[in-house]
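Chain naming follows the written order as A, B, C, D, E, F and G, and within any one chain the residues start at number 1.
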Amino acid sequence: MEVLLALMVGILYAAGIYMMLRRSLVKLIIGIILIGNGANLLIFLLGRITKGSPPIIPENAKVLTEAFADPVPQALILTAIVISFGLQSFAIVLVKRAHTVVRTDDLDEMNATDEDS
Amino acid sequence: MTLVDYLYYVIMPILVISAILIFWRVLKGPSIADKVIALDLLITTGIGTIGVYSMIYRHSTLLDTALILALIAFLSTVALSYYLEKRKRK
Amino acid sequence: MTQQIIIYPLFLQIAISIILMFSWNNVRFQKIFSVIGSFLALILSFVVFYFIWTQGTQTVQAGTWPAPFGITFVADTFSATLVVLTALSGFAVSIYSAASVLNDRLKFGYFPIYHFLLLGLNGAFLTGDIFNLYVWFEIIIISSFVLITIGGEKAQLEGAVKYFTLNILASVIFLTAIAVLYGITGSLNMADLAGKVAAVENRGLVQITAILFMIGFGIKAGVFPLYFWLPASYHTPPFAVSAIFGGLLTKVGVYALIRVFTLIFTGDEFLNELLIIIAILTLVSGGVGALVQNNMRKVFSYLIICHIGYMIAGLGMFTQIAIAGAIFYLIHDIVVKTNLFMLSGLVYRLKGTNSMRALGGLYAQWPKISLLLFIPLFSLVGIPPLSGFWPKINLIKQGFGGDYYITVAAIIFASFVTLVIIAKLWAEVFWKDSQPLKLKENFGFFSKMTTLKKFQFVFPIALLSLVSLYIGFGAEHIQELSARIADELVNHQGYIDTVLHATK
Amino acid sequence: MKNKFLSNIFLTFVWVALTGDFSFENYVFGFFLSFHILWLITMGRNRSKYFIIVPKLILLLVFFLYELVKANLEVAYEVITPKLNMTPGIIMVPLDVQSNMGITLLANMISLTPGTLSIDVSNDRKVLFVHAMYIKDRDQFIYSIKNGFERRILEITK
Amino acid sequence: MLTAILTGFIFAIFLVFTGKIFKGKLSILTSLIPLGLFIYFAGFISRISEGEVITRSYQWIPSFNVNLDFKLDGLSLLFTLMITGIGFLVFAYTSNYLKGHKYLDRFYGYLSVFMAAMLGLVLSDNMISLFVFWELTSISSFFLIGFNNDSEPSRKSAMTALGITGIGGLLLLAAALLFDNMAGTYSISEMVSMGEAIRGNEYYVLGVLLIFGAAFTKSAQFPFHFWLPGAMKAPTPVSTYLHSATMVKAGIYLLMRFTPILGGENVWNTTLIVVGGITMLYSAVHTIFRKDLKGILAYSTISALGILVFLTGLGTEDAFIAAAVFIIVHALYKATLFLVTGIIDHQTHTRDATKLNGLNKVMWPVGIAGILGAISSAGIPPSIGFLGKELIYDATTRSEFIVIILIIAIVLTKIFLLHAGFVAGIKPFTGKLPEEFSKVKMPPLILWVPPVFLAVLGMVFGLAPFLIDAPIIRPVVSSLLGGEAGEVHLGLWHGFNMVFILSLITIGVGTLLYILVKPSVKLVNAAAKFDKLAPEYLLNKFNQGFLWVSSYWTRFFQNGYLRNYVSMITLFVVLLVGYVILGSTHFKIDYTALTKVTISEIIVTLVLIAGVFYTVFTRSRLAAVVAMGVIGWSICLIFVFYSAPDLAMTQFSIDTLTVILFVLVLYKLPRYLKLSDYKTRIRDGILSSIFGVLIAMVALEVLSYPANNEIGDFYAQNAYLQAHGKNVVNVILVDFRGADTMIEISVLSIAAIGVFGLMKLRLKMSDRKRYQDK
Amino acid sequence: MISVIVAILVTFGALFVLFAAIGLVRMPDTYLRISVTTKAATLGVGLVLMSAAVFFQDSDVTSQSFVIILFIFLTAPVSAHLIGRASYFIGIKMWDKSVMDDLRGKYQKNSHILKSEVDDTPEDNIDHTKIKNREKRD
Amino acid sequence: MRTTIILKTASNYLLPVLLIFSIFILLRGHYLPGGGFVGGLIASIAFILHSFANGLEKTRELIGIHPGYIIPMGLAVSFLSGFMPVLLYDLPFMTGLWSHDAVPILGHIGSALFFDIGVYLVVNGVTLTIIFTISESA
């Protein structure tokens, strides 16, 4: 499964970057979301995966004794997911605003600030 | 054949095949409404899959996820159909 | 006094933010509260600094969970110094914001977010946990996104889109690096990582991790070829925002680079050489970029990049002297860059433009202000004995000592270009005849302001100029401080012992 | 008053079921919790009255489940047999139920039974538009609905 | 001594606040400061001439080993006397010259700073503090040259001067640090004692080059000389003070200071002779082609500086004596001529040598000064100029290098300089007074006394050289030798010898030249033809080229296209990571350690991949959003399969919310356009694929490394017992790593405020106008 | 015994899900697809969850399964209704073998009002016979 | 105007169910999957759904205060729960404080619970602020 997951991660990264390289604002955001998903999955994968044993202490136990999935990457990903949600919502609105104000979806037309003035 | 084997080798494949078929519809469409329906069904299937999975691994906690899925999937369908209509109005 | 004091700056900032969020619409209260809060933060930061200076490195284990299991907050001299500088710039810009930022913007959360930004900066400087550092970075970037877009029109939004995208990319790369790091060591505590990374046999993997960190932080620090977001956006937001960005945002990237490369990824020739190459190209790129700009804020933006090169060079040479140079430069740069952007804002209010071509006559019209502005401008150049000069001693000295001739050449080149640019700026903006300007109606000219507002414009600049002068003339103290920091960084065992053996 | 009380009880049960803790304390806690939520959401409004006649409700439920299984099998048959023998269409069903709850219940039950789908209710609440797979005879179809779900729902909600 | 140096700075600061007082009639009082300093330093003459060296040391930045070490020896004494002496006259002269000027106080401020810096420079025994003062002279000269800052050429000249001397300064800094590396000290005195070791050091040549770079730029040696004529845009007192008597000699001072340390090697001496030689001859010739008096004087100054470098390069005791004397000679006559020119300019408002004639009729005292200055400059007895010239010729003829070439060069130089001196000092006062100048008024006393005083002093020293030889010159030579010099006796008459013949030739040919060739527009134009070969032109071209390259480089990287920025960064990642992967790690996967794959997981993988491709390639935005839903959902299932229910829940909720957000704004956005061409897409595809492959490879590489779950284990052991929770992930979030969560919710809060502001805040139209470029 | 019940329930459940999937693929128009999927899957998943309840024999799981089923039953028909309505509104045509369309001419394009009678201002109506059968792509 | 009776009614009975469910998820988070974050999301989803069905204004009235104020409230709760140990016992930030005896249903009451409640409020406030802002301007 690790190989498959690595494949997924690779594809998500590649697709994310590819979308960020497009000229469309909407694609840019999609790219950001994809690559973010890739990063989360990567943490998950590299924290080593364990099947069918969530890190939850059973009802009548006090410690986890059997094999369990490493809870640390999970907690990290949770935090990362939530943060990317904040960023994504902001991104979506930013794009909407930018589109209304600049009146283009073409990122290539948004280069005034880099020109000499 | 134990129950777990049965779930593993018979039930899961059935659900998986269903998922493939549904996914095919997601890709094919043709209308956006079709995709939305398919997505909705895909999630419902996912709930079933999680149910079976929790039995295979004897971990009832996984059902919690199914619970959330059931609740929230609804909202995305509402939103998407809301969008479909609203877009038309323009 | 207990060790807890080291994270009081965080408590203070978060409390300020929360209170400001409640007083959403009361702009007047927000202004006063922010300034008072920033002043308290300044005092607190001095207390923290004094504590660290006298007691040595201190740690706090959040939740009382021992390292490496809980999140560690560490204040060594480096962190404490940066906390002081953050508070200093923060205080200055807070006053400046109260006068210069439009009330409309203030009504939409400018101040709470400003303090969140300061919170993030403090947090990044104080944390001893790599993932926690990531989270602090996120709070910094999201605050900066909001500040850079707030009330934004065309240019601001165009700049913001680039700023946003490239910073997100940096975060993703940073996160990737953390993933790999956790994958090979199973730890997140930086002191713990220092030992664990050293024990990893697969050095290639370690190098890759280090490269990912280098790129993730490098984007934020604005090094070549990762700096594009910076000149695209820094000249677009309100001046107060540029000021805090210009002073502190790239520096937090530098801080992270220094921290990670002195603590975790040490002693790798390849990485150090890579840093050196990056530094050289950054010095050159930023320098030539600044040379061809006309807008004052753009000039300063490129100079930010250029001068980051000094610090990276210091890090790359990786000796006590070189790192002391980098630290000294960092200290100087935070103060002076903050000041320069506030200065641009003042010039804007004086004359209604930032275009060097269109400006002129400042010296004739406002001699005293010009004289004041002379200080940050020529401190930047490093006209001795002003502040920018001293760190170069360390850097060039180590450059010769370690046979880094190209680096020395690049440092000299960058210093020279800076000199030329500032001389040009002085000639154009201050000396040249006043140009006829199309006066905008109702423009909020400086001359029309109330005395209080004028004071709010000038005081922060004067304050930071004074600090610059102190850094220049009291270079002995700063050098002593930098040397101590560099010593702590290079001999990081002390840091590691303090963190890992710290008992509850 | 009454319906609020009932919703309250209902929500208490939901709570207890969710927590899976059937102790007395949990009932009390759940009661207060749902009381507050109801209080919160019905503030300043008085919702339409409704009576739940428990036996009828159960009957309705049983009838519905029966319809559900039956229709599911029908659809399954349709789906897996090679030929499509459908005569679909959108049909207008005049409504007697007028309460929000009633209409919604009816429409949902129709939707849940395979082969039929409530598309919408007219804004004047006179008719319900139903998409059906097998429309052989308009009147018979309408009758089957009116005499099936609608009658039972009316009994409960009148 | 520190007080003496700081006086100037303190006074300058004092002026900022009390400027008004010294703007008016009281301005003459400012000259008391240099006068006082002159007297103070003159008081050391006797001690120094007895071979004493006075040192003072003040701690400044001990951790840098940077101290204010001052050393007053023969060399520095000579300079301090010049700086304060001429300074006194210039301060006084200025009080009238710029009488009533709006910014007279600022002028005095700059001048004071400059003087102080100059004193610090020549007194510093620590290379860093030397550098500090060196830079201060550059910067104060920048302000003085640009004093008339409303004129464009003035600003430009100031910039050029600062640019050239600035780069020199940085080289000096580099030199200081290099010498510190070689000698382990910044102290020049200590370096003198280690001269041998330094000369043998592998960095010796580099050190020499750096010192040359600093000295040649400051002292306007070919090809860096052109800033000096430009600097003549400054008011004449500045030209007098900085650009003839003092600042430009800082380079010479530096060379002389380092002679005992670096001298005696071929690199040192030959270079100095060649550079000095070229400079003196090149600029001497140049004077012929000028008609602006200040231009003529500027080039003759450069030439004189060339002579000094040349003499330093000769490196013999004779040459040092000649140099020491010539410094005084030059300071006296050049200051005289500049002040005279200033008066002419002040009274007639022109400096055009072709127009100026017969002015002695209207300003005879100035004429006396001019003529005496010209005589000294020409080296005609009994002026001290004659003495200087004799010594120079003497030293040249006795040099060990190719004597004949040197002699020709120095004689030619002297001939042209004679011509230049005559044009500047004699021509304006002789001949017929043109009508237009007949009404010219007699300048006030305070203007003409300083030049006359200096001119007369030149004669006095010529007639009574004992006034300077033992007390001043000998200590200077001692400093240059780094030890005791022999007796120095100067006298006008040295007998009829080779040197005397050369002197006669010089005076004869020079006078003839003056009679035959007068400054004219024709000559100026003739010279202009060669402008394209001049270093100034070439440097300008280089500058333009450099600016072009800068601008090209900047636009190449900062081209405004976000996608280029992203691809640049990606490329950087790909190159570096790829390099390391290919270079140093062995790619291996331990398949036995991997988890078993089941059909459902394969399907989820496939669905995810298909979803990604669909998202990327669909042309409908909504379809892309739906497909992203599928991706999120697949990830969610993976989380379920691999024991992360909390993650699955969160991922799913967030995905749903994202879909809703998209849906809410999507229809406000335009449709996708196919914007990139085929080629671009292929290129981007390749780049991003490589990126993805590298990340996947890194991931697999990591997985083949043994895992360490120490922290997770700790959490699992303590979650219930110490933190009272059973869902370990949640316990981590709210307890073990609660600080993360605290920040995380802050991030969310900020995002919400941001969204709110972004959507709701519209600046009022009027504000938008007012703050257009914000 | 429990195993058998679980097996039966889960088998039926999975099969219903499968039927829904096949139906989704096979059905000729959007409305029929909605029709087929909503129910089959609902019942199918319901059965699977019931089997889980039986399997675990735990009041927690039972109540949880019950709640999930409840949620699905509460939400599925509503979403079906919303998509169906939206589909009709945006002009998705019915299968050409459909026998009747009582909705024709009753939706108001601009106000989104649904009348019980055919409206007399035809230009505001939604009438699929007047729309070209072209997929509106987004 | 454009909402349907069916959705409106459904949302009215779903709202309390979802809210109670969200609190359930919040409280059990320490023991089982869930917690403040997911709980908060579900609560906000309940309100969003309500706003889809009844219009934004109705939902606003229902909530009573601007969601923008819920954010600092939540932050304050979380922050104070982490800060209490510092203030009261000079223990490090975020040190868990626990009640001596377990209370019914919730088990041990500790500062972690309040922390999670803060998270719940923040997430709720944030999501609602974002969605409402966008819907209003959309």
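Observations
Heads up, the rule we're going with is that a contact is a pair of C-beta atoms (placed from the backbone, for glycine too) under 8 Å apart; a residue touches a chain by one contact, two chains touch by 3 or more.
Small disclaimer: the values here were computed from a predicted structure and weren't measured.
The most central chain, judged by C-alpha centres against the centre of all protein C-alpha atoms, is C.
Among the remaining chains, the Cα-based centre furthest from that of chain F is the centre of E.
Comparing the centres of all chains, each the average of its CA atoms, the largest separation from chain C belongs to D. The distance from the centre of chain C to the centre of chain D, with each centre set as the mean of the Cα atoms, comes to 62 Å. Per-chain Cα centroids separate chain B from chain G by 27 Å.
If you average the Cα atoms of chain C and of chain G, the two centres end up 36 Å apart.
Rounded to a whole number, the gap between the C-alpha centres of chain A and chain B is 22 angstrom. Shown for chain G are the residues in touch with two or more other chains, namely 2, 4, 6-7, 10, 17, 21, 31-34, 37-38, 41-42, 45, 48, 68, 71-72, 75, 79, 93-94, 96, 126, 130, 133-134. Residue positions of chain C touching 2 or more other chains, listed in rising order: 14, 17, 21, 62-63, 131, 135, 138, 142, 145-146, 149, 152-153, 155, 161-162, 165, 169, 176, 180, 183, 188, 231-232, 236, 292.
Looking at chain B, one finds that residues 15, 19, 29, 32, 36, 53, 59, 61-62, 64-65, 68, 71-75, 78-80, 82, 85, 87 touch two or more other chains. Interface residues of chain B, counted against chain E in their complex, comprise 8, 12-13, 15-16, 19-20, 23, 26-27, 29, 32, 35-36, 39, 42-43, 46, 49-50, 53, 59, 61-62, 64-65, 68-69, 72-73, 75-76, 79-80, 82-83, 86-87, 90.
Looking at the complex, you find that chain C touches chain E at residues 14, 17, 21, 62-63, 65, 68-71, 102, 104-105, 107-109, 112-113, 116, 119-120, 123, 131-132, 135-136, 138-139, 142-143, 145-146, 149-153, 155-156, 161-162, 165-166, 169, 173, 176, 180, 183-188, 196, 200, 202-205, 207-208, 211-212, 215, 219, 225-226, 228-229, 231-232, 236-239, 274, 285, 288-289, 291-292, 302, 348, 353-354, 363-364, 367, 371, 378, 383-385, 389-390, 392-393, 396-397, 399-401, 408, 412, 415-416, 419-420, 423-424, 427, 430-433, 440-444, 475-476, 479-480, 483. Listing the residues of chain A that touch chain C in their complex gives 16, 20, 25, 28, 32, 35-36, 38-39, 42-43, 45-48, 72-73, 76, 79-80, 83, 86-87, 90-91, 94-95, 97-98, 101-102, 107, 110-114, 116-117.
Within the complex, the chain A residues that touch chain G are 54, 56, 78, 82, 86, 89, 93, 96. The touching residues of chain F, when paired with chain B in their complex, are 3, 6-7, 10-11, 13-15, 17-18, 20-22, 24-25, 30, 33-34, 37, 41-42, 44-45, 48-49, 51-52, 55-56, 58, 60-61, 64-65, 67-68, 71-72, 75-76, 78-79, 82-83, 85-87, 89-92, 109-110, 112, 135-136, 138.
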